[in-house]
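Next, two complexes with chain A in common: one pairs it with chain B, the other with chain C.
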Partner chain A sequence: MLDVFFANLPYLLKGMLITIEFAFGGIVVGTLLGVGLGILAVVFPSVVGKLIAVYVFVIRGIPVLVWMFMGYTGLGALISDFMAVLIVLILYTSAFVAEIARGAILSVHHGQIESAKSVGMRWPLMLRLVILPQAINISLPALVNNSIMIIKATAYVSVVGVWELSYAAREVVERTLAALDVFLGVMMMYFVICYPLAIIANRLEKRFAFQH
Partner chain B sequence: MDLRYLISQMPKFMDALELTVGIGFFGMALAVIWGLALIGPRMSSRSWIRTPVIAYIELVRNTPLLLQVYVVYFGLPIFGILISGFFCGVIGLASQHGAFLAEIYRGGIEAVSKHQREAGKALGMTQLQSMRLVILPQALIKIAPLMSNQLVLLIKDTAVVSAIGVMELTLAAKVTIERSAATMEVFVLIAILYLILTSSLGLVARGLETWQRKRSSR
Partner chain C sequence: MPMIRVKDLKKRFGTVEVLKGITFDVEKGEVFVIIGPSGSGKSTILRCLNFIEEYDDGEVVIDGELLGYRLDDKGRRVRQTEAEIARMRTEVGMVFQSYNLFPHVNVIDNLTMAPVHVKGVPKADAVALAMELLAKVGLTEFAEAFPSRLSGGQQQRVAIARALAMQPKVILFDEVTSALDPELIGEVLQVMRQLASEGFTMIIVTHEMDFARDVGQNLLFMDDGLIVEQGPPKELLARPKTGRMQDFLARFHGKEKVA
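Coming up: the complex of A and B.
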């Protein structure tokens, strides 16, 4: 049944490569940026923290597809289309990660922070030695689940007209009219990327659940 | 900012808002029901019932909604089933978010202590009774934040139907921008509309949560 899909597999694999580039860039840079924002929000809760809260609220409250249209029309003239939507993916990821990181840092037991302070640690040392090692364990399942969400969100890139796996799928369907074959096959290609991550997230959840 | 132009376009955006709210509402209602329908077979002790349901849940949770909507929109007509883009969107949203909700429900049910179920049985309740009277009320409190989070994601995902030509907020914005180049004005308008939608849903959910908590702690 899937013969049209397999006949076009080489072309679709090229698209999958671009999807992976989007996902990798968006997740790695976005997660680093988000962790930085999350730390800043905890360390400077007054002004900087409120600004970050607004940033998170606005980015998370609006569909990623809308952000992509905006990035594409706003930045598309200045930089390449690829970069414009990649920047949107990075910022979108960072807002979700900032919230995860902030929550994880705050969920480290406050006795830990007080004892670190009582032995004379300042924020940088305390973060590095006491808080982050514990916060990373707490936040890891959420970070992996967030990465799956971002990989799935890369498909929206095709709607604004940037070529990747979903766009390639639509091209193949327009050429062959085998909508069901191709779209189901391409769904499996996304599944191959996302499902291993889902299993990892599940294992991590179980492992760290016993520690609390 | 050209406010006069924006005001002249308001009727169009109000229609688009109505569509977004409509898709979101039907999508939410169906997703909640579909999720409930899935937990029975998902938690069944017979593996020939459980396995296909798990396969379905994992498939829709780990693939893009866009592709799922394409499958519904371009796939169903092959079997002679013609439905509008609006309902394709609703089906896609309910299918994916229903699967997510089923897993959330399951987590909540499993988090309720085994003793509660046994106590229900000891009182002579049928399985359905103990589910309705003992387990679900407790599970609901545990999963309420996760559920409301999922429904906010669903509202944002309504934008997906712009890809199959339904004139909801996102597509209306795109078309208006292409026609007028009033990028900033249109963007601020739909950003505010989406923020109102998502945050009001969050507020309602939080209100229900505290109400439920108070009611059950009495």
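Coming up: the complex of A and C.
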């Protein structure tokens, strides 16, 4: 049933590798950047926080596909297409993660901040020892959600002509006309990309859960 | 020199003046009790004493040092730096109504976190002191447990030990038994009695009148942001001078004064 898919597997695997590169780069760098922005927005709410709020509002308000086009035509003129859309993915991820991080930090009970202050802790120490460990626990489900969204968003780079798994899939379908066959297989490949994420998320949730 | 000197303390939240000019002294080793109806400002006073609330006017002087502000070269009041405020906070321990233990670490780590990371005490020494304090509050066997496994009374005793671990000059107790089931209140009051007998300087906001009378050495009755009565607890609780304090105390004897 999936003969055409398996016949073209080597070609599709190369595409999958590129997709994984985009996903990994976007998720890892975007999440780190977003967490940093989220922390800054909480610790310096007046000026920096407002700037970050504008950043988040603008980026989240525009479909990722439109950002891809802008990145491709704008940045893509200065740097390689691959880097241009990767940067778009990273910035797009960071906007969502900034809000997830900010929300998680604010969800840590205020009493924790008061008791940390009462034993003489200042913000850097308070964040490192008391707030962030609890915020990580709170934010994990949302971060996993977001990461899955980014894996799917990588497919959009194909629309601006950057080659990866869904681009390769469409090429194969154009050539063989076995659409269902190929896309069923490609669906499984995307699932294979998402699966390790689910495992990692599970491990992380266990690791950061407050033990009983 | 008194351990704590509060002069004309004022605090506003928005347009509401919660503290309207509070003045009192707490001597070293004294057990100072503050009582009063909800909203009278008693917790706010405590929270000004470690600058968790930043008071607007007046002075809080702890062991001779002005808290939260200093005078610049023109004699104007200027806020202290975060570092200075944090340093002064290490000398004032606080125990909260809702314990506020760190849920993501076990009991021993709750006790050693601040001494190690704020004061730079070597881990081994901090652990030794923590075990001593756990023995003092009767919870040695819970050293490795996580806070969620403890009852409210046990968590509050750990919270007291955590405050003691910083070896502060004075300890503030903010209605520490108000959130506890009645049968657990006793174990916490017992620890506080013991600390009082050891000569700790304690400022206690409480509704436990019997405790205030037995253990307190000086009592403040507050209402609506002002001190209404001040004096020895045994005296004031038995013979309140003002109608407001009489009304307030009447509630604790199960008799409502009919207007």
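Keep in mind that, in the parts below, the second predicted complex is superposed on the first by the 194 of 212 C-alpha atoms of A that agree within 3 Å, B and C clash if a C-alpha of one lies under 4 Å from a C-alpha of the other, contacts with A are read in each partner's own complex, and residues count from 1 in each chain.
Heads up, the rule we're going with is that a contact is a pair of C-beta atoms (placed from the backbone, for glycine too) under 8 Å apart; a residue touches a chain by one contact, two chains touch by 3 or more.
Owing to the predicted nature of the structure, the values given are computational and were not obtained by experimental measurement.
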item	value
Which of chain B and chain C A:R122 touches, first, second, both or neither	second
Touching partner for A:V28 - first (chain B), second (chain C), both, neither	neither
First (chain B), second (chain C), both or neither touched by A:V159	first
First, second, both or neither for A:V48, with chain B first and chain C second	neither
Partner chain in contact with A:N137 - chain B first, chain C second, else both or neither	second
Chain B versus chain C as contact partner of A:L184, first or second or both or neither	first
First (chain B), second (chain C), both or neither touched by A:M70	first
Dominant contact partner of chain A by residue count, chain C or chain B	B
Touched partner set for A:G111, first chain B, second chain C, both or neither	second
Residues on chain A lying within both footprints (that of chain B and that of chain C)	none
Residues of chain C touching chain A in the complex	50, 52, 82-83, 86-87, 89-90, 92-94, 96, 98, 100-104, 106, 113-114, 117-119, 146, 148-149, 159, 162-163, 166
Residues of chain B touching chain A in the complex	58-59, 61-68, 70-71, 74-75, 78, 156-160, 162-163, 169-170, 173-174, 177, 183, 187, 190-191, 194-195, 198-199
Residues of chain A touching chain C in the complex	109, 111-112, 114-123, 125, 129-130, 133-134, 137, 208, 210-212
Touching residues on chain A, where the partner in the complex is chain B	57-58, 60-66, 69-70, 73-74, 148, 152-156, 158-159, 166, 169-170, 173, 179-180, 183-184, 186-188, 190-191, 194-195, 198
